[in-house]
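Each of the next two complexes has chain A plus one more chain, namely chain B in the first and chain C in the second.
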Partner chain A sequence: MNQAETPAIRIAGMSVRYGRRVAVDAASLEVPRGSVYALLGRNGAGKSSLVRCALGQQRASGGHAEVLGEDSWKHRTRLMERIGVVAEEADAPPEMRVHQLARFCASLYSRWDEKTFDVRLGRFGIAPRARFGDLSKGQKKQVSLALALATGPELIVLDDPTLGLDVVARKSLFEEVIADLADRGTTIFLTTHDLAGVEGIADRVAIMSGGRIVLDEELEALKGRFRRIRFAAQPLALEAASFRTAMVRRWGTGTEAIVSNYDDLTFERLRTNATIQSADVSAMSLEEIFIAVTGEGGNS
Partner chain B sequence: MFDINATDAAPIWRQIEEGMRRMIALGALKPGDSVPSVRDLAQQLRVNPNTVARAYQRLTEHGVFAVRRGEGTFVADEPSQPKRSERNEVLRDASNRYASAAISVGASLDDAVDELNSSFDKLVREHRRKV
Partner chain C sequence: MTHALTIARRDLAERSSVFIAAVAMAVLPFILVLVPGMQTFKRTDVLTTAGSLLSLGFSLGLALLLGATMIGRDLSEKRMSFYFSKPLSGPAIWFGKLIAALITVAGCFAIIFFPSYLSSPVSWQNSWNVDLPIAFSLIGITTLVLLLLGHVLGTMFRSKSPLLALDLAALVAAGFAFVGIVRPLLVGYAVELTRNVSLALFGATIVVLILGGAWQLAKGRADRRQNHVELSRFLWISLAIVLAIGGAYSAWVVHVGPGDLVKGDVVQAEQGSWGFLFGRANHRMDYHALFAYDLASGEGVRVDGVQSWFSSGLSRDGRRMAYLKLEDYTAGVGELYVMPLSSGAKAEATRISATRSSAYTFSDDSSRLAVMEPDGIVTAYDVASNRALVSAKLPAAAHNSRRCFFATPDLLRVYVTAPQFGSVKPEEHTLDIYELDVRTRGLQHTGSYRSVTKSLQMTVSSDGNRGLLFDGDHAFIIDARTAQVIAPVPAGNLMHTTLLADGSVAKLAANDAHDWTLTMHKPDGSEQQIAIGRMKQLHFARELRGGLLVLTGADQSERSTYVVDYAHGSVVRREPDLRAASYSWMQWNNTDPRRAIADPQQPIAAYDKANALYAWQPLTGAKKELLRF
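Up next, the complex of A and B:
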């Protein structure tokens, strides 16, 4: 099969059960090559189980996972050479110095690029002679990312890369991801809570809730179809235009609604109806859309 | 340079395109000036480089930018202005949205025009400062 056409990750009908508890429920998704794909979900939504199975670190109870065109479980050893992973908790022997870690990785990866590692490390301001155990949580992640980038991977998997990082560390981590994209176009798959952080960076997002993938689409399309609309009339006006609502709230005689299939043309037609003339239509941030889709975090 | 607003209804690539056109129209970028590389602007605005590349491609196709191989991207010697019909369409579209927002909060036409004036002044001033 043509390499460019096989997705970087393909998960089909994957389920993960722990005893009677279902952590991942028939999840399917495809991560296109060269994309930045963000898997969003609250704690316990099933993200980490899904990622571990995709990486062949754990065997799914059902379904199928493929990475770079190969079965993630059967070919897990071979695949590790082609994937860079930044785990939720970056881990290495605390006594080892950063440059020793780099030498160790260089011996494992045939495509190891020393210069990439030095440049990234320099931008993070971490001394090569520093002991891993003395680094802060954020610095450990930065080292882990620099190591992952230097192995020349076709795919980078970041499991909650900004968890526990301060604003500055978060910013420099995403900047490094952007720089790598500009340089090489590596496919990036990340799970995150940091919705604002991935807003401009992700091409595609999926939302996981209760073990299920409830949404999987291009970020631009997603942001294009969600709108918050406020107007001084009954909600019926929206139904007449066949708008689907993710949330409806009444304010006296007025209405506030979140519409999930907005388009300008339909709305302009609706506006000619005098009752909805002075509607206020606003675009929504990824965070607001996330809350509307999962029905979580709000008071609805 | 300019800011990207995540809650703006316009896609990010369009905000970049408009931002660049605005800087040229206000003289903050002059014909022949070099513009930041895709990589640098992506890092500065914290957006996906593909998004910046898309905006640059459109600006190049429309004759606003010129690419000199090996040297980078520059503002064209005579950057093309949007056609009058295009400009009117953009203005009508944006003013519909603005008028609707103004009416919904009960503002008078005078109030709305005052706000528009001060926004206009502010943007022009900001760009002048950066020249």
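Up next, the complex of A and C:
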């Protein structure tokens, strides 16, 4: 496998335990190079633990992670030259001023781009002499992002990057920053609760629930196979049409179902079934799919 | 290293407020001298004392605080990921932060200390009486220790992990292990070795603590609990290895054989071939070993856990030795052990408590053991059963000296030499004699002697009936029970005058040319002189049954041992190049005041010029080499 074919991140059977509590349970995923990969999950699903272990900041209880083709635990120091990281919680020393942070990072990265940092900081409207600890939560995130971007990373890892950002900043993050990076071929791995933001830019999504990866596929394919179907008949008709349901809700004589293996031909068969009246189908947003997969105990 | 310095620079950059606080502290002594009331003191003294105390307190407090926060706070506030998301190794982060902390403390110390010091270096020197480089070294080491200690405590306590209980248990175990390592060395009077071993263990612990921080971050990284786990793992495993090495070394030092001694001496029992062998051992600095040693066979039984020969006593019949094994070194309290003097013998605990200042002695048949405490309590025990037979309290006296012996197995005689009670002349001394009867349990004051000199010394004849008393420049033969003066004898000293078995007093004297003469003052008042030979020093080695006296002496170039037939007034043997052991004429614990009269068949421990130890037969002159020191 040459470098281009090597996944940017490959996590195999990773487990993380805190005492008796299992935070990550044998999780496996692969992030293709050049992709925008979104790891979704509810609070406490184990996303941040997975990210920290993938970045070699924390030792996993089991399994292993490779980043840019190298073992991320063993070669973390070397790998971090090529990776930009924005942590979930703003972790820079609060006493440091923004320009001191930039100078500190400049001495560590051979590819440090001062101009990129200054431009980004200017766009966020943050004063270089401001103390990091005095910044708002969103501004801290923006400084962290500017620092990460200025290192010229091949891979950027964003752990819940929209946390604390206002609507405008959030929109800017997804539509300008991430899209721009993606255009330049930088691999982006992010965890987020902002499903609407991710929907427009992610190539691939994974959903974590209870420490396990319950879904991991191309976003388009995912959206293609999940549909909401409504019809005036008993749910049994769905089984007859061999649809797998992620959620079924009945009211009166009608049924609303979310199916996870939708295709037009099968739906046409369902719609022309004599016992079924007024069947219609609608596409689902990522948020709806996420809720169906994680929120109501659906089975994908 | 570059990355470590980058981190150090970063940490220092955010500590400007600490340096400002140090500047404020530096000004304080100069304000203090203006405070009303301070003018009563010398201005320079106030400045240097206040400056020194403030710099010391501030710096050491800062060291502890920085140690506790430099890693621990970032971990507990989840900010360590900032460093670990950069191309920085764990050791670089650790050493960078450690360097910054050390520079901060050193800088603050200098800022506070030097202004007041420079106002009067002489005053500082007079007040503290220590060289500046030594003072700085000690403060530097203390700073490092506090930093590392603060770091360890900060990491452990902030993790809020139950592992802390194991850490405390490991700490206690390490403490016990340390005591276990150094105690046997201290018991062997190895003060220098103990200090060196302690310093080596301390140094190794510092290295372990420094490397532990690097290991902790390399393996635990941004995970607070894992940091604790890794620090504990490294710390306790490394310390266990260090202590195991220390323990192995200590065990090697202690497990010394008679052949390892480089300098030794022998104390012989009055009968039989056994005695103590003690001395310093090879490659063990000032460690002193003690053995029960058989001069006939060369067999040595190491006596462990004993503060060497000071705590040991031999029975007159040569069948037992007793020694004190201290349990509480601070209080100097321990237990007496009795060891039969025979091949492969093992010591037995007696459950008899004694102190470092206790005196003890066996009865001649070694069936009884008497222990005298410094507070005047004297107790006689039955050796077979370890049972106390009788106990009594002698009249209390400060700074008295006490000696005793069993006149019979049932009668203990005690000699107390003390400054006289109520005397306005501190030089006045009194000898009081008591007898403690085991059967009647009665303590009887049998006699006393008042002296007006500063020096009162005595020995007792081998049969226990007569005493030879030295009272300043005078010497008397006294009744050993009542202290009644029997007869004056020509003045001499304890080293060169002795009472012999036939009632004579033997006195050694030399002229200016170092020609030695033995003068016998016989009980009938007659005198006999026996010419011995020329040498610089000569003294009594021991008396042998049958009217023989062994003398030993040495020159710078030569040594000789003589056997004198004092009954017939002749030297019957001169053994060139042989010197009898220094302590061959007495028991070292020095409690029994009687002179020994040995079996002439008994070998005498003696040394040649090359310091080889021999078992020498005084009747035949045969000698057997035992050890070469």
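Definition applied: the second predicted complex is superposed on the first by the 283 of 300 C-alpha atoms of A that agree within 3 Å, B and C clash if a C-alpha of one lies under 4 Å from a C-alpha of the other, contacts with A are read in each partner's own complex, and residues count from 1 in each chain.
Rule of thumb we're sticking to: a residue touches a chain if its C-beta (ideal position, glycine included) is under 8 Å from a C-beta of that chain, and two chains touch if they have at least 3 such contacts.
As the structure is a prediction and not an experimental result, all values here were calculated from the model.
In the superposed pair of complexes, A:109 makes contact with chain C only, with no contact to chain B.
By the touch criterion stated above, A:182 is placed in contact with chain B alone, chain C being left untouched. Of the two partner chains placed by superposition, only chain B is touched by A:174; chain C is not. Once the two complexes are overlaid on the shared chain, A:261 sits clear of chain B and of chain C alike. Shared-chain residue A:92: touches chain C; no touch with chain B.
Applying the stated contact rule after C-alpha superposition, one finds that A:282 touches chain B and leaves chain C untouched.
Legend: residue contacts after superposition of the two complexes on their common chain; A:28 is shown touching neither chain B nor chain C. When both complexes are overlaid on chain A, the residue A:245 reaches neither chain B nor chain C.
Applying the stated contact rule after C-alpha superposition, one finds that A:58 touches chain C and leaves chain B untouched.
Those residues of chain A that touch chain C in the complex are listed here as 18, 52, 55-59, 76-81, 83, 85, 87, 89, 91-93, 95-96, 100, 104-105, 107-109.
Of all residues in chain B, those touching chain A in their complex are 4, 6-9, 11-12, 38-39, 42-43, 45-51, 97, 100-101, 103-105. Residues 3, 6, 10, 13-14, 74, 78-82, 84-89, 219-223, 225-226 of chain C are the ones touching chain A in the complex. Of all the residues in chain A, the ones that touch chain B in their complex are 36, 171, 174-175, 178-179, 181-183, 196, 199-203, 220, 223-224, 227, 230-231, 271, 277-286, 288.
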